[in-house]
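Order as written gives the chain letters A, B, C and D; numbering starts at 1 within each chain.
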Amino acid sequence: MDYSQFLHIRSEISLIAVIMSLLLFDLLAGARMRKYFQPLACLLMLLQIGINLTPGRSAYLFGGMYVHTPMMTAVKNILTVGTLITFLQANTWLKREDTVFKQGEFYVLTLSTLLGMYFMISAGNFMLFFIGLETASVPMACLVAFDKYRHHSAEAGAKYILTAMFSSGLLLYGLSLIYGSTGTLYFEDLPDKITGSPLQIMAFAFFFAGMAFKISLVPFHLWTADVYQGAPTQVTGYLSVVSKGSAVFALMTVLIKVFAPMISQWQHTIYWIVIATITIANLFALRQQNLKRFLAFSSISQAGYLMLGVIGGSAAGMTALVYYVLVYMAANLAAFGVISIIEQKSGKIETADYNGLYRTNPRLAFILTLALFSLAGIPPFAGFFSKFFIFMAAFQSGFHVLVFIALINTVISLYYYLLIVKAMYINPNETPIAPFKSDGYTLISLVLCTGGIVAIGIVSAIYQSIHALGYGL
Amino acid sequence: MNFLSLYVLIPLLMLGALWACRNTRQIRGVMAAGSSALLILSIALVFLYIAGRRAGNTDSMLFTADTVWYAPLNIHYSTGVDGISVAMLLLSSVIVFTGTFASWKMSYQTKEYFLWYSLLSMGVFGFFISTDLFAMFMFYEIALIPMYLLIGIWGSGRKEYSAMKLTLMLMGGSAFLLSGILGIYFGSGATTMNILEIAGLHNIPFDQQCIWFPVTFIGFGVLGALFPFHTWSPDGHASAPTAVSMLHAGVLMKLGGYGCFRIAMYLMPEAAGQLSWIFLILTGISVIYGAFSACVQTDLKYINAYSSVSHCGLVLFALLMMNATAATGAVLQMLSHGLMTALFFALIGMIYGRTHTRDIRELGGLMKIMPFLSVCYVIAGLANLGLPGLSGFVAEMTIFTGSFQHADPFHRTLTIIAAASIVITAVYILRLVGKILYGDPVNPQHLKLTDATWEERLSVICLITAVAGLGLAPWWISRMIGESVLPVISQMIP
Amino acid sequence: MKFTIFILLLPAFSFLLLALAGKRMKPAVAGGIGTAVSGIVTVLSCMTAFLYFGAPRLQDGTHAVLIPYNATWLPFTETLHIDMGILLDPISVMMLIVISTVSLMVHIYSFGYMKGEKGFQRYYAFLSLFTMSMLGLVVATNIFQMYAFWELVGVSSYLLIGFYYTRPAAIAASKKAFIVTRFADLGFLIGILVYGYYAGTYSFRPDMVALMSGGVAMLPLALGLMFVGGAGKSAMFPLHIWLPDAMEGPTPVSALIHAATMVVAGVYLVARMFPLYIGFAPGVLEAIGWTGAFTSLFAAVIACVQTDIKRVLAFSTISQIGFMITSLGVCTSLDPQQGGLGYMASMFHLFTHAMFKALLFLGAGSIIHAVHSNEMSKMGGLHKYMPVTHIVFLIACLSIAGIPVFSGFFSKDEILTACFGYSPLMGWFMTGVAAITAFYMFRLYFQIFWGRNPRYDHTPHESPATMTFPLVFLAAATCMAGFIPFGDFISSNGTAYHIHIDKITAAASIAAALMAIGLAALKYARTGPILPCGDDLPDSARGLFPALHKAASHRFYIDEIYQFITHKIIFACISRPIAWIDRHIVDGFFNALGWTALITGEEIRPMQSGHIQQYAIWFLGGALAITVLLLLI
Amino acid sequence: MNIPMEYYLAVSTIMMFAGIYGFLTRRNLLAMLISVELMLNSVDINFAVFNRFLFPGELEGFFFTVFAIGVSAAETAIAIAILINIYRNMRNIQVENINELNG
């Protein structure tokens, strides 16, 4: 056995090391040392990002079980940055009385899901894929139910784990059918044996449904809003960005690698699902009062846009998709950062509570505005560029009408994003949220996100470096 | 990048400087300096441009520069100007300049107001200097969104509703537009986003043009107040604060006409020829319909907004006539309408700032109370109804002459119908002038009001000078534009 | 002739100066500047006329057409462009004289008449603007320049009618004047466009090559439409309604604009395009003639029953312009000896009419200044108080009535001769109208200066010298203008034509006029008992034709028809519905889109019920739907 | 005696759909959990059967089954932990009661 193969999975190994060291720290650190938990976690994440950044080359490892390409490393790195930002934002929340003693669990569980995503992305075999998927989703349930004394958190956790199990049951059923009709689970070997027979179509449908559940595409999205609302806000942010991004990328790699012979079928499926997702999510988002719920529907509709990058199955689509995930991460985490800090400081989470926010907390309101504008795709913020590129990719693949429908939907989405902006700037309020000072970690995270929102679009080098990574399968 | 990028850089610097400002005086200083710099830049550009043409430069664009931006997608930041964009830049800088002074006394969240204002102007300038589809679209959208906050926060009346409607409808338009831009890009072989190069390639298949031309045209048409997509305009203008109405009606609506010409018609000439009749009918309706609607409005701004619908309809109408004269007229009309409607909105804002009403039934005898503003209002009205010596005449006559070069009954009839609008314009302008300026003051409270302050005078006089300058000496600008429309027009005439 | 540019530039300069200085300038200074400029312009015009007509004729016996200035102002296409320049030919030089003289008189007169008025400076500024525009109109080198200045005179007329901007009547009148003429100008504009397209140029001489390639058939249309514009400015039926109302302006303005100069622009337009009318559209010319004839009768009838002296004069103006138009219309050839006489007659009448009608208006102004009322019923016996005014007014009345020696006789006689030359019917018709003219003018004269003597609040007195001087000057002009050998200067083909009085026509018209004057004297010259002010005069015409009288005093209900069309049809049936449709249907559609989205958003919320099992059903349904979809395609 | 593959598949399919049915209809969260387990187990049977009958030379299916069983055990553990938490919060584990988050 060639042990140098392990060098190629250094990302995963180092992540496991990070998890282990955090576990040990949690176990061994005394009460006085525990306050250094967050800096330590963040430092380790920085280290992890550094390791991810070391150049590597494409490789098939362990007999094709594990695939490594620069594009995948880039995606992993984006997810890691997202996790780091989530950690930074967790400061105030984790200092709370009922969470301070279990902050180690938060880091370890979050990183475990990240590890799962790493494996899911790099999988070259459905077995590893499935294990990665489950590693990513099982600890997530714990995270969702993290605030265990809170009724809503528990309810959201139950909903998440039950629906996740149900969906993985169906996904597995699909996988079993694929296995039954082809006799292999290796991505390399599968395309030759996929013929598009009715059995395989059914298998594909079940597999797709399972993935759509993770990405929260309509009609597999129904858990999303409830879980997002009930989960702790940091977890919601993580769920909406990192979990979703990894699942979309993984789905795209599987679709391209495995289901390539069925391209017309899955394009058809995605076509209708995108329309349904964007439209229905937008319609739902119109009437939401709870900001977390609102962002849940917004993230569902964003997932629809993400699928526009997938639908073409092209290199341009993949580049646009990864870029979109990056931009979406910056914007959505900025929004969640603001919302969570406000929730922690004032306990308010309804749109109406945000009335007049600009007068009392202008900086936060401004950052949230930028984030919402970016989500809505307003230039010069990065969201505009990512939307443009993803539309371009879908358009290039010939989905003109679909792009048009998506574009019309951006108008609806603009409406509800502007509602929040309107609340902050225009609506009068007798009792606005009192001014407060945010903690340093949150500020750093918000600065990072804002910088991302502003710079990722205008600085073309970022897109070009993703583009340079190529198709990356 | 060349000196044209100053048009983007100066607003950017203004944004930065405003950010650092601590008090109103500094803010005003920054705005005055910045907008003057832009105005000076535009005037210098006019001279440079004319000198460049005199020197025998016959390229379709001058001062072109190109910076690769997104190489994989052929997106460049490329700039260049021809006579049309020079005229539009001049217009924009005049209006940004005067708008600054018209909102001199802005007291509520001054800094934020001017921040968004500068961002808006950056979008406008960027749009006019760009020759790249992506950059144009980006600047177009940059110009749209500050509008929401400017109207929503600093507006009046049903400001939230209006701001939302305006933003959504314009964004709906840009949804069409984006489809059109993508269609053009891929239709021409996805090798370049540069307008000039696409026009040079001239290879978009006809059947694709027939899809993307209407889409693009409607996209820009929404901003150009094309019937029936104009309904954002009355509400939006009515609710917007003074300088924003000025900038919006004066410049932003011109983005629509400019885009229709520069993108939709320039790049897809065959489809434009084939499908122009549909849009001619729509714009013909706009012209007449706006004018008739204006006749019975009671809110000053609504009157002006409908009048804008009518006049901007004339812009698109003339463009669709597709000959050099009419196109020149269209650009002149953009210029003229921009200036005079900005003048109108400035004056309405100033009157409203004093009387706190825009209902013409509650106004009267203003000539006695504020003679300066009233006289200027009369001048604006006369410009609007096309008095020779002011800009409206020049533009309208060029349009009608150009439109009349088509000998078929369809174009003829439409031209005559459009020309009839000048009578209706006279009806509502004179009704308005008679109602609010003449007569005796209806409200004794108004007798205490004062006439214009120095910065208001500066702003208004600047606009009147521009309107009269264009009206008295139109030949140089008409030539400048006439030369520049030729490359576009020659694409259309096989 | 390079100095002619100053004829345009000086009033323009004076307008700008007065307008910008505004109230900062003393009224006397402002008036002085305006008058001085006007005086210089008059001198320059006279010099122009002297030099122009003094220059030797060309070989074909015509005066050379001079174009000292012409520059492209606004280019359209290679062949079509608006030029700005100065064109000197007999009629434009004649018009220069008329306009500058009357304008100068009005400038001087206004010193007295407008003394102490608010906005004195503004008044003079507007006068300068008008003078400049009118001069620009007549010297236009091309039809589009003419149109541009045509619009400018319209605006200056609008501004001057609305000079008393606090008076509702003045506001309404100015608005009406502008809109009615603007409506007519639409015809003019379209005419110009048609002309430009087919003639290949906007200059007065069509490009024959372009014209012959299919445009000849369209030229009558173009010329007819142009006449619509002319009819609007010159208040031809049915576009005459604005002119009587325009009397709301200051009286000197009425004299200048609404009697002597601007309203004859339509006549001038037809004269300017005369070769084209004769050459390409004789039918249109005939129609123009009949329009003029009908208008002259129509206005004359109304003038007989008006009680406001300025209105009488206004209808008289309409009627006299009708004479001029008729005279042009009856021309059948370019040769003044054979059917082209009307052209000369028309111009001649234009010239003399400018003098005596300005005189009449200024005289009326003098009377109004003294009596402080426009109503005839409040006047009477004024000959005692205002001897100068009385004499000059009488001169003017005699002139307009066509009594020999006075200028009106000569010009009217030429017109009647031309009409008889066209057809006896037209001749007798116009003679009849001339008689009615004499009747209503002397009705006016007798009622003002003789007749009953109402009690005046304060004794009327003669106007100051600034006002009487112009009166006397114009009276002198009225007396002498008839002896000018007009035909030597102006004729339809440019060659000299020696005026000779057609004795039978003259005799008939003089007889008719004298009879009419006699009738008027009989009716209105009686010195009855002094009645209190305000009583209506007994009007025996009412007994004879009650219906006609009623209709005529309501100006044949034309205003009511217009009122109906504008308010009931355009406003109520077009504008309001359109505005409603815009707000409720077009806008409503977009609002409905928004509402639909919002309502749908609300309605589908139960889908998100919160029940896991329902979510699972959707999930399963989705998976099955994908399967079915994929199996079906 | 050789039992044909279809018999196994029939059983697994019945288990699958019984699981789905149970998930959709049971009112107790624990019962729902058990139903999900049924679904997962039916998949395990599938994998094992396919491997055994169709691709007898390989072990992929068996391995998958092993992993799937492990994963489902983990899931069940977490699920039960959360259910206990629910019970602590609400004092019952009826599915009707966990619908406060909706709309």
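Convention: contacts are C-beta pairs under 8 Å (C-beta built on N, C-alpha and C of every residue); 3 or more make two chains touch, one makes a residue touch a chain.
These numbers come from a predicted model, not from an experiment.
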{"item": "Between the pairs B-C and A-C, the one where more C-beta pairs touch", "value": "B-C"}
{"item": "Maximum centroid distance from chain D, chain identifier (CA atoms)", "value": "C"}
{"item": "Euclidean distance of C-alpha centroids - chain B vs chain D, Å", "value": "65"}
{"item": "Whole-Å separation of chain centres (CA-atom averages), chain B against chain C", "value": "37"}
{"item": "Inter-centroid spacing, chain C versus chain A (mean Cα positions, whole Å)", "value": "78"}
{"item": "Centroid spacing, where centroids are CA-atom means, of chain A and chain B in whole angstrom", "value": "42"}
{"item": "Interface hub residues of chain A, defined as touching at least two other chains", "value": "158-159, 162, 166, 170, 225-226, 415"}
{"item": "Residues of chain B touching at least two other chains", "value": "168"}
{"item": "Two or more partner chains touched - positions in chain D", "value": "23, 32, 98, 100-103"}
{"item": "Residue ranges of chain B touching chain C (in the complex, touch as defined)", "value": "165, 168-169, 227-228, 231, 234-235, 289, 292-293, 295-297, 324-325, 328, 365, 367-368, 382, 385-389, 393-394, 397-398, 400-402, 404-405, 407, 415-416, 419-420, 422-423, 426-427, 430-431, 434, 437-440, 474-475, 478-479, 482"}
{"item": "Complex contacts: residues of chain C adjacent to chain A", "value": "594, 597-598, 600-602, 604-605, 607-608, 610, 612, 614-616, 618-624, 626-627, 629-631, 633"}
{"item": "Residue numbers on chain C that touch chain D, as the complex places them", "value": "605, 608-613, 616-617, 620"}
{"item": "Contact set on chain A toward chain D in their complex", "value": "126-127, 130-131, 134, 138, 141-142, 145, 148-149, 151-152, 154-159, 161-162, 164-166, 168-170, 172-173, 175-177, 179-180, 183-185, 225-227, 229-230, 288, 293"}
{"item": "Chain A contact footprint on chain B (complex, rising order)", "value": "69-73, 75, 134, 137-139, 141-142, 145, 148-149, 152-153, 159-160, 164, 167-168, 171-172, 175-176, 178-179, 182-183, 185-186, 190, 211"}
